[in-house]
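Sharing a structure here in structure tokens format.
Should a chain be cited, it is by its letter among A, B, C and D, assigned in written order, with residues numbered from 1 in that chain.
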Amino acid sequence: MTNHWVDIRNANLILSMGGNSAEAHPVGFRWVTEAIEHNHAELITIDPRFTRTGAVAQDKAFIRTGTDIAFLGGLISYLIETDQIQREYVLNYTDAALIVRPDYGFEDGLFSGYDESTRSYDKQSWMYEMGDDGFVRRDESLSDPRCVYQLLREHYSRYTPDMVSSISGIPVETIQRIWKKIAAMAVPDKTMTILYALGWTQHSIGSQIIRTAAMVQLLLGNMGMPGGGVNALRGHSNIQGLTDLGLLSQLLPGYMTLANAKEQEYRAYIDKRIKQPTVEGQVSYWKNYEKFHVSLMKSWFGEAANEGNNWCFDWLPKLERPLYDILDTFERMSKGELNGYFCQGFNPLASFPDRAKVTRALASLKYLVVMDPLNTETSEFWKNYGEYNDVDPSQIDTEVFRLPTCCFAEDDGSIVNSARWLQWHWAAAPPPGDARPDTRIMGELFLKLKQLYLDEGGVFPDPILNLTWDYKIPAEPKAEELAREYNGRALEDLTDEQGNVTRRAGDQLAGFAELTNDGRTAAGCWIFTGCWTEDGNQMANRDNSDPYGTGNTLGWAWAWPMNRRILYNRASADLQGRPWGANKAFIWWDGKQGAWVGADVPDFPTNSPPSQGQMPFIMQPEGVGHLFAGQSMVDGPFPEHYEPFESPVPQNLLHPGKEKARNNPAARIFDEDREALGKPEEFPHAATTYRLTEHFHFWTKHAELNAIVQPQQFVEIGEALAGEIGIVAGDWVKVSSNRGFIKAVAVVTKRLRPMMIGDKQVHHVGIPLHWGFTGVAKKGYLVNALTPFVGDANTQTPEYKSFTVRVEKA
Amino acid sequence: MKMPRDRLIRYSPLDRANHWTMAMVFVLLALSGLAFFHPAFFFLSHTLGGPVWARILHPFLGVVLVLLFYAMAARHVRRNLLGENDVQWMRQIGDVLDNRDEKLPPIGKYNPGQKLVYWSLVVSIALLLISGVIMWRPWFAGYFPIPLIRFASLLHAVSAFVAIVTIVVHVYAAIWVKGSVRSMTRGWVTRAWARHHHGLWAREQEEAQRREQQP
Amino acid sequence: MINSQNIIARSATTTEPPQVRSHVEEVAKLIDVSKCIGCKACQVACMEWNDLRDDVGECHGTYDNPTDLTAESWTVMRFSEHESADGNLEWLIRKDGCMHCAEPGCLKACPAPGAIVQYANGIVDFDSNHCIGCGYCITGCPFDIPRISPKDQKSYKCTLCSDRVNAGMEPACVKTCPTNCIEFGTKTDMLARAEKRVGDLKALGFRDAGIYDPAGVGGTHVMYVLHHADDPNRYSGLPKDPRISPLVGAWKGVTKPIMSAIIGITAFAGVIHYMTKGPKEEPEDSPEEEHRATRDGGVPPASLGYDATRRRPGAGRNADDRPQGEDR
Amino acid sequence: MAINVTRRQFFKLGGAGLASSSLAMMGFAPEPAEASIRQFKLTHAKETRNTCTYCSVGCGILIYSKGDGSKNVEQNVFHIEGDPDHPVSRGSLCPKGAGLLDFVHSKGRLAYPQVREAGSDEWKRISWDEALGRIARHMKDDRDANFVQRNAQGQTVNHWTTTGFLAASGSSNEAGYITHKVVRNLGMVAFDNQARV
């Protein structure tokens, strides 16, 4: 979330799209109901189904799954053509005026630089044009045909209401009615907030859908504003934290990235990541990358990391493939290229696409280690559960270890919510039996391995033997010790320019501004620096006062970065540093104090006056929000609608007859998985998977209370489709894709209606995902038996939200 | 057993056993039923071992009563049809109450008052059975709509009221008409009692005796 | 706001309960249906707080689960898809449960003293220790709320978390409600709050928005804000004008004293009769007796005799075969 | 619980019982005293502040446990409800959060380390020492055999691609941090968490 949960109440319009906020985040949704009642906000939801969010929304539209870019792209065109944009904001706080290189282009559904053989783009041309002064050229009049604004206008001119309607299935009048309401938010003192979740992420164009939303918000001047922003309602309690801590194949903590194999030189690696300002005088905070990186390496390797060995740069693994994501890993695993796999609180048998392939892959392992509080399906993938898990244990030679872990109630620590708040929690009771905290399991495992390397030697033991491990009980690192470590401390006395000591050696650091690139500081996760200072554990703060009445409670827990609650909040004030509207006052420039002040910690250099011309988007080299993504996306600088890899519609209506532009041309798909895609003739129904409010993934089927309120697997189908296949509510249906099938009870509803796509009637089938073969709820089929093994081009997140099935009476 | 000459058999041992079983069952039913009917009688629920046991046993006892009662009623239905002199007897109800028995016409085995008791119970127990089943938890009530249960509950109360009043009258009559209790305990009445209260029945019995003695 | 939960009405009790705390303010739960997302948090919180676990059931083709109130589900969400004539579809979701009537039909019907009580703050509570399992509360309730447990044959329903309210906390469902669709406070405050919400809804175009606080049961301590108060039936059969059925009124009202009195009077009349008129003494066995009928009636004995053969041919013949005095 | 009664007490009890039951037979059962119907169950419970483990709203929760925290008493969680001080949740919880108690006490909770041997169809309970020892052995064998220090192009890569690791986005930052620290420095790259899906 760029903003935070309570801030939703400051919105004037709430767009819940690409997610069913009431269903998946009911308590967050309370702030939507607050906004409706107390701010007279309107809630609009756009979803393939009439959802629980829809039950309390004032306006809604039903969209064919996977066509959100069409709707939002059309909206961008509408905003531009009707001149309903927040012009001052767009001109100054976005890249609208920046000029793009002349060789950038878009034709037949492909951006310039496409290489069909590798299914990838050469992004060379996707750049701003640099002037002779070394900075990006700009056109304040926004009239240059190569300026971002004009390119944007041209790109989305194809997204007419009729085109959007024929792709998305939303009637033209509904589209126009909703666009009009959204456009009304372009005035400075009104904001729309966008709430989305995996309904946008889990598509082969997922990242681009989200980008389109961000572009809309930039045009409306809603980024950095209270009651605005693009807000990912994240799914797991600490998915934000684990992302922040970089537990992803290509990341290091704090959104630093691993080097790829070509990056053999430390300096080149750093220089590529240090972003110097490309517009004069801008902050471009990533210019500090090396400080963060060196502090991480000092945290991990202590004395062993020094300037002489490039701070152990070579000890870090380097990437040979673009991404070792889960799709890539299970592709390799299914080919026998992996021997071992660890699942720490993860249930891939249920969570990864194409369950049959996942089973094959796990069965090819030599050893599998599952650490979990619960008896997961993955840990028993080898066990026969009849039709729910039809395997022969004697044919599976994987050695499976199952290690019981503590749950939330049994350990201390912090987790990061969707609003980036780090909240500390305390253990209430001991775990059952001999279960142990993950920290202890990892600690003991590491010490056992280290001992083996000490005793036997082995390949490249350096990072293992030199890893800092100064925990008081080495086998049981305490949460407090680890939190202090990732916050960071001074290794030597730090001094200011006058030579005054600002931080004693050994003291906790108060913020990442104290980090240095010369080895004097250590910090395990720079964005978390400030969470455990010399004043103690900031994450345990419990002051919920809201002095400005904006819903900003700076004294409650601690948010990264530096306790800022709304990112880019400098944008909530105009060029002169005044709030855009009295009701939207959040932070502003106080000339007397010579500082930015207000309800939040400024996400900006505190003493940089408006006259200095620094722009709000301090992480960008240009200081402005990007309507043009440049090279940051692999599949195009402007989002373009492509059909899901399995679609009931045979072609991309924007590019009829252009087969290359039917699906995302830069999405990776393995050959075997392409073969496993279904044809619309055989699998005519558009399917989408989702959560229900009563359940959490595959956890709560183990909790009796939740099993009681939603006991058995079902699929939702509309009355029209039910009539076609001759079933009524409560009957059993079989849902098949080209990869497998499930059987479930049919919930027949008026809330799903067929859509006309071109001249074709498309039925949607809704498939909740919570059942499996373990737990106290009724046994059910893992729904990933159906889903395709294809992911988003940028993140490789599987396309769970759009695929095709056939529904029949069971 | 040979009956002494001055006695007539009025109730067989089976009849008597049935009657007294019914009497006990009825009393228990009435007491427990009253306990649920009015808070003032709630303490009576202890006669069946406390309120919960009263709730459990009451309907089963009701079924026992129904079986016993209709087994008996079926055998006596003919004797309880309106008979000779019954209308006249009813017209003279003042004489009945004033004990001016000598003015009354002779009647059969049962007088109209007894017949009224009979038919009152035949009807009220039938209604008690039907309404009782409808409101019987946990076994049957669930199968009926609540408005019907409400009607049944009211009907049950009213029928029970009728039955209880009837039995009160019946009991009083037995106390009032000396010799009646003995007829139901020992089974016999004196020839004089029979001639006095049930002239036609006495004559019929005596004729039957005579026929028996003349082979 | 909430004093000690003194009892102001008690089932099957004819005397006055203590009334000295009659100034205790009445409480109420307000359910704003227009804010409800049907998440069932209230269902779960209710079971959790009250240590209940209903059966893990089955899906019957709807979102409703458990599909009905049970002795272990004191509240359930009822989902209804209502399509108006102009094709406008609404998904109306209502939290069902005890309404805590000011004039509770359950309490009126209950025969067990103290099994149902009403506190001064308006909460109607069941005390299972006194419950006898007769189900009269079900018969008496105009909302079809109480349920008898198949496990112990005792009746259960929402207690409005009287234990929490007594400790100064709101009921579990109210506290957990994510969207604030359930609120709790004094009845006065809740009515004011409801008025405000009705105004909001009218401003949003729901012309028939209104408060559901039915007068037929003296008002309730659980109230709804409905967008279609003109047609409460649309919300999964919420009764439009609920009141204690006249049948129940008759059963548990006037009939009780009248019939009890008549039974008593009948018995007493017997005593009086016996005292004034005396018994019909056992007649002496005298030969005259045989001729009394002849004398009185003036009818020849033969014609007065019980001659079954003349009136009922079959019966007379059988009488001959009978043992002495025996009827079959 | 056993009641110790002497013979004399027995007769007294029996007598009283007989007397009271005969009274009851006569319809004079004493009515139970009218106490408060429901006892408040949180009195004297220990309250621990925590955060809901499910979605990312991060609702504050209060965990109530029995046992007063003295060393010889095991805490046992018996109730969980929302933390009214929490600025986002203000005491409310969704149906998942409201049911957290049954997650803590789920029948599906694992209590002991187990192994399923190759080809077997059952679990076998093992000690932590054996479990971690065997896992470490597997890891070292695989790492030593398949760790790549230089790739075919002669570039230093220092990675280990034949063992992968999925981390849990339901675990704490501290668990995540130490997991990253260990896993990455063993050279693993096939390393993801739920954020990937």
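Following the convention adopted for this analysis, contacts are C-beta pairs under 8 Å (C-beta built on N, C-alpha and C of every residue); 3 or more make two chains touch, one makes a residue touch a chain.
Keep in mind the model is a prediction, meaning the values are calculated, not measured.
By number of C-beta pairs in contact, A-D leads when C-D and A-D are compared.
Averaging the CA coordinates per chain and comparing them to the mean over all protein CA atoms picks out D as nearest.
Put simply, the C-alpha centre of subunit A and that of subunit B have 84 angstrom between them. For the pair subunit B and subunit D, the distance between mean C-alpha positions equals 68 Å. Averaging C-alpha coordinates per chain places the centre of subunit C 43 Å away from that of subunit D. Separating the centre of subunit A from that of subunit D, both taken as means of CA atoms, is a distance of 28 Å.
Across the assembly, subunit A contributes residues 26-27, 30, 693-694, 704-706, 709, 776 that each touch 2 or more other chains.
Listed for subunit B are no residues, as none touches two or more other chains.
Within subunit D, the positions touching two or more other chains are listed as 80, 92-95, 97-99, 101-102. Of all residues in subunit B, those touching subunit C in their complex are 3, 6, 8-10, 12, 15, 34-42, 45, 51-52, 54-56, 75-76, 78-79, 84, 97-99, 101-103, 105-106, 108-109, 135, 137-138, 141, 146-147, 149-151, 153-154, 157-158, 161, 164-165, 168-169, 171-172, 175-179, 188, 190-193, 195-197, 199-201, 203-205, 207-209, 211-212.
On the side of subunit A, the complex with subunit C involves touching residues 22-23, 26-27, 29-30, 32-34, 37, 50, 52-56, 58, 693-694, 704-714, 728-731, 745-751, 776-778.
Those residues of subunit C whose C-beta lies close enough to touch subunit B in the complex are 12-14, 111-113, 132-136, 138-139, 144, 148, 150, 153, 245, 247-248, 250-251, 255-257, 259-260, 262-263, 266-267, 270, 273-274, 277-286, 289-290, 292-293, 296-297, 301, 304-306, 308, 311, 315, 319-320, 322, 324-328. Contact residues on subunit C toward subunit D in their complex (touch as defined above): 5, 7, 39-41, 43-45, 48-49, 113-114, 117, 125, 127, 129-130, 159, 162-164, 166-167, 172, 175-178, 180.
Here subunit D touches subunit A in the complex through residues 46, 48-60, 63, 65, 74-77, 80, 85-90, 92-104, 106-121, 123, 128, 131-140, 142-144, 146-147, 149, 151, 153, 155-197, going by the rule given at the top.
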